[in-house]
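What follows is a pair of complexes built around subunit A, which joins subunit B in one and subunit C in the other.
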Partner chain A sequence: MNHGAMNRVGTIRLIVIVGLVGTLELLIRADVIPRRTILPPSEMAEALANLLASGKATQDIVQTLTCVAAALVSSIIGGFGVGVLIHRVPRLRRALDPFFATYYAVPFFIFYPVLIAIFDLSLLPIILMGFAFAVIAMTIATLNGLDRVPKVMAKVARVHRMAGFDTALRMKLPAAAPHLFTGLKLCVAYSFIGVIASEFILAPSGLGHAIAYAYNDFDNRTMYALMLFVLVVVITANMILHGWEQRLLRRWQGR
Partner chain B sequence: MAPNPVHARLSGVTRVYAAVAGYRPVHALGPVDLELRHGEFFSVVGPSGCGKSTLLEVMAGLQPPSEGTVEFEGKKVAGEVPDGVGVVFQEDASFPWLTVWDNAAFGLRRAGMDGAEIERRVGDALAFMGLKDFQQAYPAQLSGGMRQRVCIARTLVLQPRLILLDEPFGALDAQTRLLMGDEVLRLWRRTGATILLITHALDEAAMLSDRVGVMSARPGRFLDLVETNWPKDRDSTIVSQAGFGAVTARLWHHLRGESMKAMGQSAPAPAGA
Partner chain C sequence: MNATAKRSFDILLVLVALFVAWQALYHVVGDTALTSPLQTFAYIGELFTTKSERFAAHAWETGRAFLLALALSYAIGMSIGILLGAHRLSGAVGEPILVALYSLPKVTLYPVILLVFGLGLSAKVAFGAIHGVIPVAIFVMNAIRHIKPAYLKTARTMNLSPWQTVATVIVPATMPEIVTGLRVGFSVTLLGVLIGEMFASKQGLGFMVMNAINLADVETMMAVAVLLFAAAAIANGFLLWLDHRLHRRV
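Presenting the complex of A and B:
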């Protein structure tokens, strides 16, 4: 796709987003949607700006983003490592495939109380929930990515007398990189879901806890401001990854 | 003491692939005996599936022989690709995440060579392969022939003494193949390396080689070793010389029947027999 066509696609995307947000704003201001149910987006943005300026949410934001970062990094590294290992043992992969296929059918949050019982009401159970949610997405993406690495690359690695770890890091990882982005994007989404949902269920602090607290307190302005913050962060992270992925694909495929 | 004229040797080499679920073991190659002379250009032709690539991979140390021994410069090849052996594969093996320059420098950086020497060798190899103007391009921006040249440059910078080429022009059109043949001949003359080329194209083998080994249908064995007697400074214009037709005819004489065997047909008697 050339630069002009990409700009046109970007413009269409912007029009869709502005159109949806504008429609929501109009529907709320025209009382089609009651204001007590949902705030107009402009007021959400204003409430968020005030909340950020006041510093009241800073601690919750820092805690949640720290937990997400820990869950994200550990799930990416762990998922990739496990994926590489399983890929090397086809029999093990065949044995584990049904578990991967049904993994996301398990309602993970039933294990959250168990984790709290083991690790107490600390950050660790929250990070573990984010990790558990994200790690298999990365493992599956790694397996799919490695399946697509041309077999000749393994021969080239042997010609260059590269050891197993070196081959994985310098040959398989970059060769599979475009396919790993699906896993990275899912990891970002699942880490946020795992962490915020865990905070929402039971935690003394964090964005999920703050949203739940505001909800129970009928504090719509704070609740929507924090929800908007989470949305903006997740979408921005995914857009950055998407842009990076597209740049890589252009380089890979000469588009 | 006169140097050993034999650069690489296969002695009684066979390769049998073990049975996989539901299938019998496959006897792909041999027994094969072959001596590659220092600095010669040797090509292997044979019908599809006769074990040509297996032969190359066994010689490179990428596969172990089931029986027999492989030697390179008097030392047994076992388990890994020996120092001094370069391999170019049929498939596009350029690294799409690296520029042409970084592709070519890959092996040297891994070997921990100093920057100035990398600069010199890579610059030299890219200039030789006509890639100097594309050194900052990524492989996806290049044609198939140019990507294959990147792979050759990546091999060339390591200054291999034995270069194994596994149908490197197989995916290219006929004209580009001829021109690439010229480039490989230039490369061969300049480096003085021994070259083993696997190809299915008789004209390519006849044009490039000092000797051509003709292989039988699977399990591949050498039926004939054909000396071409071409001058060292040859190029693709040799295809128009009188002797060229005689070489290709001799190759085809053996290959016709073997190719039909490989296709599961019995070979008819040659016309006039």
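Presenting the complex of A and C:
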């Protein structure tokens, strides 16, 4: 697709999204959808601005983002490390493959109460859920990436008498990078889902807890403001990663 | 030992290691937080015999919600996927929106669903379905987009009617990818239904686990969680087997 066509697609996409939000706004303002069910998007934005200005949500926001960051960093480092180790032992890898294939098919959250029973109601079970949800995606992405390092690269490295560390850094890492990036994107999405869903189910504080609390309190303005906040943060994070990935892909393909 | 037997043996070793780790964790954290593997399986036995009435009612509730949600996920997801796959421009416009929706923590939207549908079965079904629709749509869309043009040209050359083209070319060519989508949709729909039950419900297995933690009833919590785990793993194993078979055939 050339650049002009891509721009056209982007414009249509924008019109579709604006149209959908606008239709929602109109339907609520015309009382087709009752106000107690859903607020008009403009009022959600206004409520969010007020909430952020009042500082009432700051603590929950900081806590959730800290948990997500902790889950993200630990799952990327842990998943990558475990992936590299498993890739070195093909026999172990073959034995673990069916477990990886099953991992995301089992309803993990059902074990969240067990974690609470072990660690009490603190931030640790929440971070652990985010970590557990994300880490295997990174492990699988690392394995896929290392699988696709061309054999000729190892030979080139030997010809140039590169040290093991140099081979890893300059040959294997760039060759595996597109897959590692896919893993990174999944880790971001899964860390958010793991942390917020845990907070939602049972937690002392945090954004998920604040939304659930506002729901139980019939406080729709706060609830929709916080929802909008989560959606905006996650979508922004995704868009930044997507843009970054496209730039890297262009550079790799341009070589 | 041949390769398959050796691999099965290794997989068994991993399973044994998992159980050993579970037993070790039990000794570390004690029986206020965890039951041992043996205790858990004994309690699962009780759930099927002496306590079967209560368990069956909750399991039926979850099963019914899950099947309805799954039917909706598949029907809506496939419709969206076919539409976006067949119409190039809609696909180009819609794909990033679908991918963005896929990575959202949909649990944040659960209160909206509760406000729309009220507490009860329909909210759980709707929540499960919004989880499942998107991956099914993404896989079906890509399956249709990636049909080899030569297949379609061949169909035209042989003067097949539209129905014949669909039945003998498009369906067999897209089936492997679609089954992958249905498999992913299956797991996330189940996850959606269970999270829905854990957050706001008075019935179902998700509720049973949440209720157990409030009563500090570790036995029920562990037994139901392990049972759900096993059921999901077995269902996934079957779908994975089907998936691999179809992918090999093409």
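Heads up, the rule we're going with is that the second predicted complex is superposed on the first by the 226 of 255 C-alpha atoms of A that agree within 3 Å, B and C clash if a C-alpha of one lies under 4 Å from a C-alpha of the other, contacts with A are read in each partner's own complex, and residues count from 1 in each chain.
Definition applied: contacts are C-beta pairs under 8 Å (C-beta built on N, C-alpha and C of every residue); 3 or more make two chains touch, one makes a residue touch a chain.
These figures come from a predicted structure and were not determined experimentally.
Colleague: Look at A:177 in the shared chain and tell me whether it touches subunit B only, subunit C only, both, or neither; answer first, second, both or neither.
Modeller: After superposing on A, A:177 lies in contact with subunit B but is clear of subunit C.
Colleague: Tell me the contact category for A:77 with respect to subunit B and subunit C: first, second, both or neither.
Modeller: neither
Colleague: Which chain, subunit B or subunit C, ends up touching more residues of subunit A in the combined arrangement?
Modeller: The partner that reaches more residues of subunit A in the superposed model: C.
Colleague: Thinking of the overlay built on chain A, is A:162 touched by subunit B (first), by subunit C (second), by both, or by neither?
Modeller: In the superposed model, A:162 contacts subunit B only, not subunit C.
Colleague: Output check: A:89 vs subunit B and subunit C. Expected answer is one of first, second, both, neither. What do you get?
Modeller: The answer is neither, since A:89 touches no partner chain.
Colleague: Which partner does A:152 contact after superposing on A: first (subunit B), second (subunit C), both, neither?
Modeller: A:152 contacts subunit B only, not subunit C.
Colleague: Does the superposition put A:121 against subunit B (first), subunit C (second), both, or neither?
Modeller: In the superposed model, A:121 contacts neither subunit B nor subunit C.
Colleague: Does subunit B (first) or subunit C (second) touch A:49, or do both, or does neither?
Modeller: neither
Colleague: Please indicate which partner A:251 is in contact with in the superposed arrangement: first for subunit B, second for subunit C, both, or neither.
Modeller: first
Colleague: Counting contacts the way the document defines them, which residues of subunit A are shared by the two interfaces, the one with subunit B and the one with subunit C?
Modeller: none
Colleague: Hey, which residues of subunit C end up touching subunit A in the complex?
Modeller: 7, 10-11, 13-14, 29, 32-34, 89, 92-94, 96-97, 99-100, 102-112, 114-116, 183, 186-187, 190-191, 194-195, 198-199, 205-206, 209-210, 212-213, 216, 218, 221-222, 224-225, 228-229, 232-233, 235-237, 240
Colleague: Across the complex, what residues on subunit B touch subunit A?
Modeller: Result: residues 57, 60, 62, 80-81, 85-87, 89, 91-93, 95-97, 106-107, 110, 138, 140-141 of subunit B touch subunit A.
Colleague: Which residues, counting only subunit A, touch subunit B once they are in their complex?
Modeller: The touching residues are 150-153, 155-156, 158-162, 174-175, 177, 248, 251-255.
Colleague: For the complex, give me every residue of subunit A touching subunit C.
Modeller: So the residues of subunit A in touch with subunit C come to 1, 9, 12-13, 16-17, 36-38, 91-92, 94-96, 98-99, 101-102, 104-114, 116-118, 185, 188-189, 192-193, 196-197, 200-202, 208, 211-212, 214-215, 220, 223, 226-227, 230-231, 234-235, 238, 242.
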